[in-house]
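Next, two complexes with chain A in common: one pairs it with chain B, the other with chain C.
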Partner chain A sequence: MAELLERKRITVRVNGREVEDEVEVRTTLADWLREGLGLTGTHLGCEHGVCGACTVLVDGQAVRSCLMLAVQADGTEVRTVEGLAGPEGQLHPVQQAFLEHHALQCGFCTPGFLMTAVAFLEENPEPDEPSIREALSGNICRCTGYQPIVEAVADAAGRLRAPARAAG
Partner chain B sequence: MPTLFGTPLRRKEDPRLITGHATYTDDIRLPGMLYAAILRSPHAHARIRSVDASEAVRAPGVVRVYTGRDLEGRLGPIPTAWLVPDADLKTPPHPALASERVRYAGDGVAMVVAESRAAARDALERIRVDYEPLPAVVDAEKAMEPGAPLVHEEVPGNLVLHWRAGNGAEAAERAIAQAEVVVRRRLRNQRLIPTAMEPRAAVAQYNPATGELTLWLTSQNPHIHRVLLSGALGVPEQKLRVVAPEVGGGFGSKIPFYPDEALVAFAARDLGRPVKWTEERSENCRATTHGRDHVQEVVLAGTRDGRITALRVRAVANLGAYLSTAAPGVPTILFGLITSGPYAIPHIDVEVFGVLTHTTPVEAYRGAGRPEATYLLERLVDLYAREIGMDPAELRRRNFIPAHRFPYETPTGLTYDSGNYERALEKALEALDYDGLRKEQEEARKRGRFLGIGLSSYVEICGLGPSKVAGAVGFQGGLWESAVVRVHPTGKVNVYIGSSPHGQGEETTFAQVVADELGVPVEDVEIVHGDTAQTPMGWGTYGSRTTPVGSGALALAARRVAEKARKIAAHMLEAAPEDLDFRDGAFQVRGVPERKATIQQVALQAYLAWNLPEGMEPALEASAFYDPSNFVYPFGTHVAVVEVEPATGQVKLLRYVAVDDPGRVINPLIVDGQVHGGVVQGIGQALWEGAVYDENGQLLTGSMMDYALPRAGFLPPIETYRTETPSPVNPLGVKGVGETGTIASTPAVVNAVMDALAPFGIDHLEMPLTPEKIWRAVREAEARKGGAAA
Partner chain C sequence: MKPPRFAYAAPESLEEALELLKEHGSEAKVLAGGQSLMPMLNLRLLKPAILVDINRLPGRDRIDEAEGMLRVGLLVRHRQAERSPLVRQSLPLLAEAVRQIGHPQIRNRGTLCGSVAHADPAAELPAVLAALGGQVVLRSAGGRRVLPADQFFLGFLTTALEPEEVVEELRLPVAPPRTGAAFLEFSRRAGDFALVGVAAQLAFDAAGRIAAAGLALTGVGGTPFKAASAEALLRGQAPSARLFAEAAERVREEVDPEADIHASAEYRRHLAQVLTRRALEAAWRRAGLEAA
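This part shows the complex of A and B:
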């Protein structure tokens, strides 16, 4: 037993801030975010990688934080729902679109959908409806029937393109 | 005055939910908090010879292990709270932890409390339980057979209730015997797992000095939980606070009083430290209540020209291993009484058998009884239409209760409040271009493509309900609602409500109502709910009751405040109260618009109380307790359009049109949201969802990997339309809309698939309509055809 490595130090950049911590090696990234850092916006819906509620971005990629160990995140940059809004609290375009389209009810799955949508739109700035539905099919929502979420993501794509165009 | 009633205001709830700043039960961390984990039986039925927790107690981080024996005399049994009368109801005891016998795979046997969640879970593996496995029965009809294993020895034949409704079995029998057309069918309404996205959780904290116990709980009805917990735990009600913080969906599964929260509260008091328990998803599948699970024998009689003359239903409802809190009312009151649906049916006879099995307890699940009733009726109406060669829309039209007959008394004793069923049907057909679609279907069939159009017309009973009726049907509580409207000295408003929304959006819709009534900006109104220490007694959020019942209390309280404000304003303005106009948030003397007092000025004076009318009490608030005179009855017609691919059995949803009439609409955005979500849950039952046990009582669909839920990519856009027939029952004319989608959509989809399969001679398949099931049925049909040709 003694030889087994039970705890390990990690350094992770979380929502733009560097965090150093010592974690039990079996701790999932989700549990570390929620219990170690108090970032309870990331939710656990199934703990077996199906529902997508715990989705966060690890180096820009959408990842199920219940299926990843905290030690695997060592040296990465992690972004959670708490890191979406701007420094003055201005909502991210995806958050704004969710609010406008009534894309959430109980809100439990919402952080996972937001993070999935952010990653998806970064790679697919001009998605059509079927591709949005496809992209969201790894996340389960039991309240909305998905349609307002699909509409919100389509709208957010437009909002994200607009400033780029303005800048160009 | 600009009115907010009817406007699609964006939700006040959303900012905290989309930024990660909402607090759900599992997000709560208290100093010194311990973590609980529950050991659950792997057997569906077994005698417990012994439980040895000695090794677990010594495991690292473990503080205490409780077994059933430890609780004897210290924690009362888990009660059933809907004691349906005239049903020969049996309520076998439900201990918080089993000590002699386990009755379903998932039954709690021991609880570990430890310093961390991981330590608690690890220690579960060190508890040795010596089980003697016994034969189990999972099918309700088999459980009724002589010689079947008994779930509780004191319940012979596993029959816990036998209940009847209708206006005479003999008359119905005669009508069936004399009918020109009789359609008989055996239907199965499969077992479902509600699957709220947030698993259940509880956090309890006890103060030994004051004796106060606080329980944060994933609850749809914290006040009911407080009453029941007080009884089970022996903590007096004034020392007990139950809080439903943010709750991540319930759909009925967070109504019941479970052993788990009682255990958590018990442990916190016993150990003097806060305790948290959060279920895992596999526990949620096994130990959180399930829904539906009926077998129905249905007979529908009618004339050759399409007039229904009688309906007879014999239903066997599987209620699982214990009678959950509201379980007896679901397959009886909420099912049997609404079997007449939107039709004028002269004779109805309903008989229900409630049966115990070695399975997870069955409770309310979104719609609760009404989907089971609507499914059987709408399925049979379609079969009847096919039998007599009539268009299913025309058949429905011929049998609807006409608009001029409201209020309408059903043969089961309900009084439908208001309705115009034909208008909703016509609107759906028009939205669909029904006739055009029928032609398209005919053309497609010629080209070997199989389209199906499925209708479902419904009426549902919700807005539960008049308390004297609750009492008459054995519900162990009232069903009124409450509101306290408190205008603060600055004119800002808090509203405290007794019901407990968890995603339905009443923080927004109720603020709209209050803002209208008091003429204040909607941003100035906050709705407080879910905390028994802050809110007046109320009965909770289920049965689509928060808006129709809660808004009654809300409107009354707000109007009382406005009335008092008018008297104060009149005194301030030296005018008679009746000479004041109230507009744009200000009282003004009629004809002298410059003489006015805003509601905010009035509020300040009400609190200063320097110069109030003689005899008037200070402050500006009012409370109201509203008990409705009747239920409300939303209705509508939904239509699904599908294409079935016979070679693969795949069903593709092409269109979905929903026309609902929820009475007056406070916020169309939120109403649409409720319809969308409900429709998709109902589609889930029709096509994908189903809890499956093996014959030994092992749940085969015990995770989200195995239990198929609707996903974004499976669904077409849902087209929502409305008619608005105000309810005469409550002050705002509203009805409920939380369950209509689930009630209507399941039969619409199944009817559409059967319509698509009509050329194969297939008229019924059991849900869920998986590709395999359809593929097999098509192959068998073709083999029959081939055989007949040969």
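This part shows the complex of A and C:
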């Protein structure tokens, strides 16, 4: 019969690096990333699934890291906002577009929006505005009024397509 | 650290999971997508001694069709159903309902069986099951039983599910030819749980009359409201805007919603009427028989 555990060893690829750790089973993925690994770019707003600030990618899919246990991420590949910029610190095209469109003010919601947008654009390289709005509907921003965020994502879609076009 | 202390098991076979549930009964909780359970743990509304995580069960994420029924497996996630060509083709009502559940991040994790097991009165899928006369397959170490929707949903977050059982599968009758369907809902913010939702499916006979009507609502009671008398009123009739308005009026008279912080009872009743009429009209339009 499957063992009942209070602590468990996990191995997770986080932003391309393999990490091994032992966690208490009730630790959420968000808390493990923040407190276990010091990746405090993943923000916690509500901690019950409604604000989207904690969005990370697990095996390429955007999920709420406050609604997943760290033990459930065992064996997966996790991407957080810290994994977006290049090795020399050059911003990811979605980050660059957020910067240029003033798509952040206080920045609290930004990591969640960025990760949501990155997953969305990987699946939908040519989105229209209504589908951008629907993709972002699970993320709350108290500052910007959303308009610049929607514009940044539309612009980022173009930037991400451009190198592909140039290459072929 | 938000969730209370618990012991955790992630069995790799359904048999093992069922053994754990049998042994620990109401001490244990099944963890599926976690999109309803994790918020309750984080808010400490629940303190189960044991969590049985079913996410590692192999081969349980299938959607297939057999004997006129679409069968949705234990671990099928909302996102998967939303994208499934089979669902879109065999049961457009389900495809449209699933798209309206929460947000993309929620749909990436949440499961259809979990949503049915949880039985939120505002949830889309219980209403789809009720409208279509779907079935819920329950499985325990002792065996399997199959319940029709109206015997499964018993009240606010309350179902016929026993502590040692899991929802193993949902079964929904495939839409017959000459069918149109619509799932319409009204919520204050896109992606939120809706105030009221309507699942409607109309099947037409060769003469263009309504051969069968399935109609159920969310948000007007503790369980999905099966609009049986409106369905009876529609059956055998030629479709018309007037007929649909009459059916919607019938729904308005028969629902008995309660007021809460989100909406007054009167407002919910109004939404029930308006959305029923619009859903029936959309179902008719989508069946593509208007010109006939």
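Keep in mind that, in the parts below, the second predicted complex is superposed on the first by the 164 of 168 C-alpha atoms of A that agree within 3 Å, B and C clash if a C-alpha of one lies under 4 Å from a C-alpha of the other, contacts with A are read in each partner's own complex, and residues count from 1 in each chain.
The working rule: a contact is a pair of C-beta atoms (placed from the backbone, for glycine too) under 8 Å apart; a residue touches a chain by one contact, two chains touch by 3 or more.
Quick caveat, the model's predicted, so the values are computed rather than measured.
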| item | value |
| --- | --- |
| Touched partner set for A:Val19, first chain B, second chain C, both or neither | neither |
| Broader residue contact with chain A after superposition on the shared chain, chain B or chain C | B |
| Partner chain in contact with A:Ala154 - chain B first, chain C second, else both or neither | neither |
| Touched partner set for A:His48, first chain B, second chain C, both or neither | both |
| Contacts of A:Leu84 with chain B and chain C, given as first, second, both or neither | first |
| Contacts of A:Glu134 with chain B and chain C, given as first, second, both or neither | both |
| Which superposed partner A:Thr116 touches (first chain B, second chain C, both, neither) | second |
| Touched partner set for A:Val71, first chain B, second chain C, both or neither | second |
| First (chain B), second (chain C), both or neither touched by A:Leu5 | second |
| Chain A residues contacted in one complex by chain B, in the other by chain C | 24, 26, 47-48, 133-134, 137, 139 |
| Complex contacts: residues of chain A adjacent to chain C | 1-6, 8, 24-28, 31, 47-49, 52, 55, 61-64, 66-69, 71-72, 116, 119-120, 133-135, 137-139 |
| Touch list for chain A against partner chain B, complex | 24, 26, 34-35, 38-48, 50-51, 53, 80-82, 84-85, 91, 95, 98-100, 102, 104-111, 114, 130, 132-134, 136-137, 139-150 |
| Parts of chain B lying in touch with chain A, wherever the complex brings them together | 10-11, 13-15, 17-24, 26-27, 29, 118, 195-199, 246-249, 251, 280-281, 502-505, 669-670, 672-673, 676-681, 703-705, 709-715, 717-718, 741 |
| In the complex with chain A, residue positions of chain C that touch it | 1-12, 16-17, 19-20, 31, 34-35, 38-39, 41-43, 50-51, 53, 55, 79, 102-106, 108-109, 189-191 |
